[in-house]
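Labels for the chains are A, B, C and D, by order of writing; each one numbers its residues from 1.
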Amino acid sequence: MAERHTNLIVASAPHVVSPANTASIMRDVLIALIPALAVSVYVFGIRALMLSVCCVVFCVFFEWLSRRIMKRSNTIGDLSAAVTGLILAFNLPVRLPFWMAAVGCLIAIVVVKQLFGGLGQNFANPAIVGRITLFIGFASPMANWTITSRMSQAILSAAEVDATTGATPLALSAAGLPVPTNMEMFLGLINGSMGEISAAALLLGGIYLIVRKVISPAIPVSFLATVAVLSLVFGLDPIFQLCAGGVMLGAIFMATDYVTSPITTTGRIIFGIGCGVFTMLIRVYASYPEGVSFAILLMNILTPHIDRLTRHKTFKPAEGGASK
Amino acid sequence: MSAATVFYIVLSAIITNNYVLSKFLGICPFLGVSKKLDSAMGMSIAVIFVMVIATAVTWPIQTYLLTPNGIGYMQTIIFILVIAALVQMIEIFLKKYIPGLHKSLGIYLPLITTNCAILGVCVLNIDNGYGFLQSMLNSFGSGVGFLLAMFLFAGVRSKIETNDYPEAFKGVASTLVAASITSLCFLGFSGMLEKIFGM
Amino acid sequence: MGFSKHLNGVHVNHSKNTAGLPIIPMPAPEKVYIPMSQHIGAPCTPVVKVGDAVKTGQIIGDSDARTSAPIHSSVSGTVEAITQGMTQAGKIDTIVVIKSDGKRELADTVVPPEINSFEEFVAAVRASGVVGLGGAGFPMGTKFNIKPGTVEYLIINGAECEPYITVDHAAMLEFTRDIIDGIRATMKWLQIPKCYIGIEGNKPDAIAKFNELLKGDESIKVHELRQIYPQGAERVIIYETTGRIVSYGMIPWNAGCIVANVTSMLKMSHYLKTGLPLVSKYITVDGDIVVHPQNVLVPIGTPIADVIDFCGGLKEEPGKIILGGPMMGRATPSDEYSVCKSNSAILCFSKAFSNQRKETACINCGRCVAACPMSLMPARISRAFKDKDVEALKELDVLYCMDCGSCAYVCPARKPLNFEFRQAKAMVMEASKK
Amino acid sequence: MKKTKLQILTNGIIRENPVLVLVLGTCPTLAISTQAINGLGMGVSVLVVLTCSNIMISALKRIIPDTVRIPCYIVVIASFVTMVQLALKAYLPSLDKALGVYIPLIVVNCIILGRAEAFASKNSVIDSMLDGIGMGIGYTLTATVMACIRELLGSGTIFGHTVTAGTITPFTIMVMAPGGFFVFGCLIALVNKLTKGKAREKQQNKCLGCPGAAFCSQKVEEGGAEE
């Protein structure tokens, strides 16, 4: 008589699952952010690393604390808070006081995410809102750029003229001053927010994410292409516009946030184009030099409508009956 | 008045000086009727409609009746009565002559009398010293701005309505926090219209 | 054909560990437990009594209902008991217990049927006891009982898109000729002008063999299916081969198609040639804890545990035993239940392998949307289900979900999406009844 | 259950706070709560108008025909608003300037019309006065507290007196539109927490105080108009 097993696990099919899970996806995003972090530490020095660690720690701490206060399950294991922290850090100037960064983390994690029920239920990207509130709330510390000797000659000479500004390439361009060469822009030998300076490093991370199928190329490609096309329309240098400011960071890491972007490919393309259009409109016309985060936030808010209009059509015959 | 001025007045009322999200007028319907896109749009269209008509009536009253006779202080009383009467008349008119429109807008009309955006726009037109045409443009723009805010917010609410909110934030509290985040993105456009139209 | 778009699906690790292994017949077990309901439709009533001597292929249960198929004894021996018991489907059913004499003698009734008309053909198909062997269990005699000449396409489903299972593959290689003969007989009597044999591209040897034997026959074409799950789903294979769309609530016949599983066709063909009805089933036995994964020819009614023992037993305490493929198969609570007509695999997995699902929040990644072959919006359906929003569920076409599990397979949040949708479908049906 | 005079007075302060529980008068509260002094000024203006109009409407409730009661209420309220407006212009011109259009908008402040319809038209003059005072204090407290929070966080001052400004960088977004919505949301959540959700039930039942209920006969949405 064979040995009997009568207490087997009964669960619904499918009984196999794909290897990707939320934590592994978030881990991939963290890995993809490493090159940009490395460039940032190279250009700005060790404080870049300290500020990043500070943001990650605060975000994870706030996530843990808010879940605990709400008596809900602990979710720091899904690493989403760490990703938010690192991306938020990338959006900050390197000398921002730690307590201000903590305020940003508080807004990102508690106000934008946990108040709305936690991961997957927020309608706006936490890091974006964190950045915008800091940007508006702490306007001057958030524009307090740091000059280091590793930066482009154009920035160093501009700083000699007016040591207080330490202007970003976008600000130099707005003021009609010489800007860094495209190569310097691409590599990231410029100043700006900590993690957004190096287009090369961010692209490397983006390629990693696309290869690992973590993100679909729809949003970054349509976003970047729109920025490039509109630069030409406005008579600007597309390479400069793509590498300057937060376009790369925004297109690859913030606009692609699953939760706050459309779910279908068509929707994602519309989303990317919208981000590009608003970014360029704000850059060219508004009083803020940079519009990436506002553009992404606006598209986040439009996402439910995009989702509504780009729903897949169910696989069924048009007339409702069987088609021949 | 140049085309640029026309666009400037309309667009700034829609975007940079959005009535709901930057001037806090019409918050009640913004919070109350934005749950479903259909009703949000119906309400907004009714608001645009009444705003424009109310301005068309109150501006001449102020300019040709109140100010010349030195009874400018009667503004508040007269305006609110005019608006209340106007809304009633519009409703009766629609019911009788355009029943289709009445069916879709009818239920929103009575609520509009006490929508502070209507009285607000009438008073502000006078306060800002706008001429008649400017006032009309401003009213139209403000109405469209209201519609835009309602449209955006209705989408947001459809996404977050059934979230697992923390106990204390269920209901209006979370809606207000969502409105707060929504109003953030309007700040990004500050200064834009001035630059485009060279104002 | 006027269609260019392929349906979505997911890339699943094939895990066809038993591919290329021959089918090994399993000797008759000590006892077989044959449930009277092994198909969709009316259950059979036993036509034997306790103590009766029965032989292999003898009818032991039958029904008068239009949708049913007879059930035959899979061994020779004596009827030991006719009891009510639990079956693998989780239902109480009449079970005929037959004590085997170990000889597997054939019954006298096992003689090739004589077929001269459509009616005789359909009667023979019904008498073969064959049902949809891919898992559906729809009686083949009922499926073929249509007005001849009303069907344009016969589609033979040799996709075998589920991971692990290789029995259809093995059968296609071993009995290619018999399958083709079955197809030709069906096309002849049902007056079907065209046949597609859909085979997934991961079985090039089977495709080659069919192509070789079908040289010169324009009416039967082998269609190489893409290597993407679920090509074997009825609505998918119809679309992929003919470009036709079968709507919810319709059967393939409405679109001028009949779909038959390749093993069903083979078993029917065997009956037409030899008169031996469906008394045993090709079964893939696999999984990370099976000592000798292999393909076995198992007498119907054999307890699952006996089949596992025949394959060398298990390396460790099992966590899950799945009847059928890992994407759509059913996890059985106990290995005491017996093998049924519609089973095609027994997969045994360790506890570690079985406990891999821990649900987290939906992150709206869109993988399910990209995976759904029916182009549904699983993430939104799941949300509507959570909100108990029947209107939204209906509007999102949840009824079109065919439970293929692609969405749940790809979900990084490990949400049991298709399980939710099964309940959602019930909710919608319930609401529309009112 | 008949309420005592004291209950009528205190009712509006927390239990049925017009802003935080009944969610009325949101527009001016959000708009002017950037500085504590504005909050207080607005609060007192509303208190005065509310009390006066409550008294007047309660006194006139038998004279006013039911069918035209709403326009009558509006005329009464608008008259008091105009008086307050003129008084402010004369004695506190800086406050008048700061509050701007929101002073005439007191006319359409749902609290006043709402109390007129829901309370003053059904109760005695004394009770209506107490209700007006109570609700007015509730409104004033809320507007002032909210303004204090926003002013402290956003400018580092309270009533214009430096508190943290200079030592801690003020978080200026708090005095802008998003900060207003946010602080308001948090205060409502706080009241929900303190009243253990009872407040939320009333928030859901918007008709309790909505003046629109007087006009509105159909449901706009679930939880729209009743009666």
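Convention: contacts are C-beta pairs under 8 Å (C-beta built on N, C-alpha and C of every residue); 3 or more make two chains touch, one makes a residue touch a chain.
Everything numeric here is computed off the predicted structure, so don't read it as measured data.
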Labels of chains that are neighbours to chain A and to chain C: B
Between the pairs A-B and B-C, the one where more C-beta pairs touch: A-B
Distance between chain centroids, defined by C-alpha means - chain A, chain B (Å): 34
Whole-Å separation of chain centres (CA-atom averages), chain C against chain D: 69
Distance from the mean Cα position of chain C to that of chain B, given in whole angstrom: 62
Centre distance in Å when chain A and chain D are each reduced to the mean of their C-alpha atoms: 41
Residues within chain C bordering two or more other chains: none
Chain B residues counted as touching two or more neighbouring chains: 166-167, 169, 174, 177, 181, 184, 187
For chain A, residues contacting two or more additional chains: 111, 118, 121, 133, 136
Touching pairs - complete list by chain label: A-B, A-C, A-D, B-C, B-D
List of chain D residues in touch with chain B within their complex: 23, 26-28, 30-31, 70-71, 74-75, 78-79, 81-82, 85-86, 100-101, 104-105, 107-110, 113, 176-182, 184-186, 188-190, 192-193, 197, 200, 203-204, 206, 210-212, 215-221, 224
Chain A-facing residues of chain C, complex: 7, 10, 12-13, 163, 235, 239, 244-248, 250, 254-256, 303, 305-306, 308-309, 313, 317-322, 326-336, 347, 349, 351, 354-357, 360-367, 369-370, 372-377, 379-380, 397, 400, 403, 405, 408-414, 416, 418-419, 422
List of chain C residues in touch with chain B within their complex: 383, 386-387
Touching residues on chain B, where the partner in the complex is chain D: 21-28, 31-33, 35-36, 39, 43, 73-77, 79-81, 84-85, 107-108, 110-111, 113-116, 119-120, 123-124, 127, 166-177, 179-181, 183-184, 186-187
For the chain A and chain C complex, residues of the former touching the latter: 2-18, 20-22, 24-25, 75, 78, 80, 118-121, 216, 258-261, 263-265, 307, 311-317, 320-324
